[in-house]
Amino acid sequence: MRKSVPLLGTLMLAAAAAALEFAEAAASSIKELADPRLIDDLVAANRILYDQGVVDGFGHVSARHDTEPARFLLARSMAPGLVTADDIMKFDLDGDALDPRGRTLYVERFIHSEIYKAYPEINAIVHSHSPSIIPFGATNVLLRPLYHMSSFLGTGVPIFEIREAGGLATDMLIRNPELGAALARKLGTSAVVLMRGHGNVVVGVSVKQVVFRAIYTEINARLEAEALRLGQGEVNFLNAEEAAASSATNNAVLGRAWELWRQRALGGS
Amino acid sequence: MRKSVPLLGTLMLAAAAAALEFAEAAASSIKELADPRLIDDLVAANRILYDQGVVDGFGHVSARHDTEPARFLLARSMAPGLVTADDIMKFDLDGDALDPRGRTLYVERFIHSEIYKAYPEINAIVHSHSPSIIPFGATNVLLRPLYHMSSFLGTGVPIFEIREAGGLATDMLIRNPELGAALARKLGTSAVVLMRGHGNVVVGVSVKQVVFRAIYTEINARLEAEALRLGQGEVNFLNAEEAAASSATNNAVLGRAWELWRQRALGGS
Amino acid sequence: MRKSVPLLGTLMLAAAAAALEFAEAAASSIKELADPRLIDDLVAANRILYDQGVVDGFGHVSARHDTEPARFLLARSMAPGLVTADDIMKFDLDGDALDPRGRTLYVERFIHSEIYKAYPEINAIVHSHSPSIIPFGATNVLLRPLYHMSSFLGTGVPIFEIREAGGLATDMLIRNPELGAALARKLGTSAVVLMRGHGNVVVGVSVKQVVFRAIYTEINARLEAEALRLGQGEVNFLNAEEAAASSATNNAVLGRAWELWRQRALGGS
Amino acid sequence: MRKSVPLLGTLMLAAAAAALEFAEAAASSIKELADPRLIDDLVAANRILYDQGVVDGFGHVSARHDTEPARFLLARSMAPGLVTADDIMKFDLDGDALDPRGRTLYVERFIHSEIYKAYPEINAIVHSHSPSIIPFGATNVLLRPLYHMSSFLGTGVPIFEIREAGGLATDMLIRNPELGAALARKLGTSAVVLMRGHGNVVVGVSVKQVVFRAIYTEINARLEAEALRLGQGEVNFLNAEEAAASSATNNAVLGRAWELWRQRALGGS
């Protein structure tokens, strides 16, 4: 037992050196991809959205590139809850990967490419099957802000019906630029667009803002459904002015929730 | 304290050697049972279904044998969340265990034997009391695909009423081949059959597919009930063509969710 | 650092010896109280009921003494989730503690004493505010078995209205033998009695059975409420014969769920 | 490996000494702020309310100072789940921080200052967006005690409509003393006041009591909504006398739940 210690020590030192070398190489490659802080935020966003129940094995989150506005960052095709910095890839606005190296791509990357193409002010996008929102996409009940945390929903959000753009027999996915462009048009100036029989898309000016919005859209959907039952259809929503004022206020405190969510999802500080 | 170290070391080495011997014997016995990768998937399926809330202390999951199509693998009678490779047994299509060694068998193993007998293309089966599905079995509300993740539900699933095959005073269990055969007939070409006052059965061509289907059947039931209330009965479901196209698409990405679920339920990679 | 090891070792050995002495004394005292296996089951029951969401900081579970039928075991007044063997006390059927040693008693111990007095076949009792059951106690909707796991509910359970026995201004608690006796009469031959505006009581022939029943009463309440909404009042419950047959069957497999729950709540085996 | 031990030991001793010094300095500064037991309770309250789902990244809890009744304690602006003793600050009844040191303050501290100013008997306040309560604030359905755990709700709680005091275009926040005073008036003698489109405020005579009330207000809201559906509007609530008697009883057992919640949220004893 004691004899094995020096050998074990040597092996551990060698392993540590190898790990360090690998980490340095990886860090260097990440630095070339984009600002490491943006990549760090994007990885955290993937983990947070999983930890908070917005995404499960499916769904994705992207960020517009920090110095190249016609590029965006998105993980390779995988569960968001397992994404690391090494999984982040760079795409152009046609949805093509710039350095694919044989990695599998999300079929629905055109959600991101077409929205970034259409709306220069949008810098971050979440696509999910966030559960409480699905029933709103499948009925004609308007998703509206029940309380100030979801005030970014404004006066209600549009629903994208894929049958209008893709016909009656699609597989429901945004699998080409044309469907992505139709979805982007439906989004308009809203922060959220629902997708009938599928999920939703949330947009924002930053990764932190889009994560905040995705989480509170899910919570609002759950609480609005409950309020509509409780009030038998009579519910007092935020009016347009309250929603606008509150949304501006919330943008100043996004970091307070982000720190908590990040610590929960990733541990440490 | 220090003196005890060499003794402790000796004891630990002896224990390690014994553990290794035991593990080798167990591994050898598992290899004789079936392809170790299939057994590994089946153990993971037991743990995943528990971790995801599809099964609790009850329920079971089986797989058709990889080289002997008239045999299937199923744990001894125990909670799925505690199953290990050593608990997996081999059965024939009459529901008899080939090497029982005194182990207790699931009373309802005939669910598996009769479905494998009737449908050669089915290679994996889950039986559970998945909670959100129970209310659908006890009413005449059709379980249908609300969104693309549950598109395998097609145009809706049948309900098995045990009173038709077993009379008015059963204990609700599929405790003989006759009841198993009646249940298999009710399943037909569907991926899921509900059992009134009991639970449901989900089938698939692989362990990964049947786990995916069992999890999303539970989620769909919860969301469909919610949508029916929200829309006061007016809900826009996937149509038959959308369901078929989407189901084919999903079969290509089962692994993405499986990796996440496996890691959550079993840890490590 | 290395120098401190022998000192640390000495301290640890001394601490270990003291801990052993204390543990032996405690074990001896527990052995005098009742069969250690019964106490172990009762402690596990407290922890399981908390882990499964049947009790929170309040609620209690008792067992009739294994050799003295006019005595029962119940923890001192504390949160069930923190109960250890040392907290278990012995009571007589008037609800008096036999060796109080200044410990605080549950105000509502008369729930237990009066039911044990009235029903010799009952050996274990759970009182809780199990959440999903509260709405049934506050309405006139009958709690009935929706599926075989809750078949012990038979053809439905009675509701205890404290205003009948205690008047219009009680604090809702069973704080004396008279209220306990009235509650015991309302229970009758049922496995469960609801308490309006308060909670419920579940009884059984063993600790394992009463824990099983308490957990599945909670689940049944949640699913029955859901089924009544989904079916708009039309729900197909187990009939009396199915409930009786299924309940007999379940009594043979209580251990399967118990092992899982115990391991979750207490860890180890 | 072995050589590094003495060095490691030295480093660890140095680190431990530094940590001790820091802890002593911090402890000294906390002692000057208020009774350390009150600060400890307030920190625990922050963590418990997060752990129990009453607050998320937002919401706050305060305590009136133990020796200076015109002062209260409240964390700096941050997520309650991350609050430590070092984050607690002292405020006067105008909502001004006495020793701000550049720290960011909660915009809504006037909720606390104005309620402490108006009601000398109140010693602790929770403001949250506790989810199940939001639908009650957005409808005209009265929040009432469904069971004895929430008997402090009495005969029902008032709703604060910010449009009455702040007009039709606020950002929903209590961002000045005038709005705080209007909210305090609406509270009246109730233990809880709902805020339409925002959240609620709970008050108590102690930190332990206000935490108990905040948690059971959330649970009651969930169960009352369920009971109203189940009973189709016909629900048997506690009457005024039952609520008063039960509330007095509960005040004697707050510690039982507190110990459990504290241990869950903070670990250890």
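Note that the chains are named A, B, C and D in the order they appear, and that numbering of residues resets to 1 at the start of each chain.
Basically, a residue touches a chain if its C-beta (ideal position, glycine included) is under 8 Å from a C-beta of that chain, and two chains touch if they have at least 3 such contacts.
Keep in mind the model is a prediction, meaning the values are calculated, not measured.
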| item | value |
| --- | --- |
| Those chains which touch subunit D and also touch subunit A | none |
| Size of the rotation, in steps of 5 degrees, that lays the CA trace of subunit A over subunit B | 90 |
| Maximum centroid distance from subunit A, chain identifier (CA atoms) | C |
| Gap in Å, rounded to a whole number, between the CA centres of subunit C and subunit B | 32 |
| Where subunit A and subunit C are represented by their mean Cα positions, the distance between them in whole Å | 45 |
| Residues within subunit D bordering two or more other chains | 229 |
| All pairs of touching chains, each written as two labels joined by a dash | A-B, A-D, B-C, C-D |
| Of subunit C, residues touching subunit B in the complex | 5-6, 8-10, 12-13, 145-149, 151, 219, 222-223, 226-227, 229-231, 234-239, 241-242, 245-246, 248-249, 253, 256-261, 263 |
| Contacting residues of subunit A [partner subunit B, same complex] | 1-2, 56-58, 77-79, 81-82, 107, 129, 131-132, 134-141, 168-173, 196-199, 225, 228-229 |
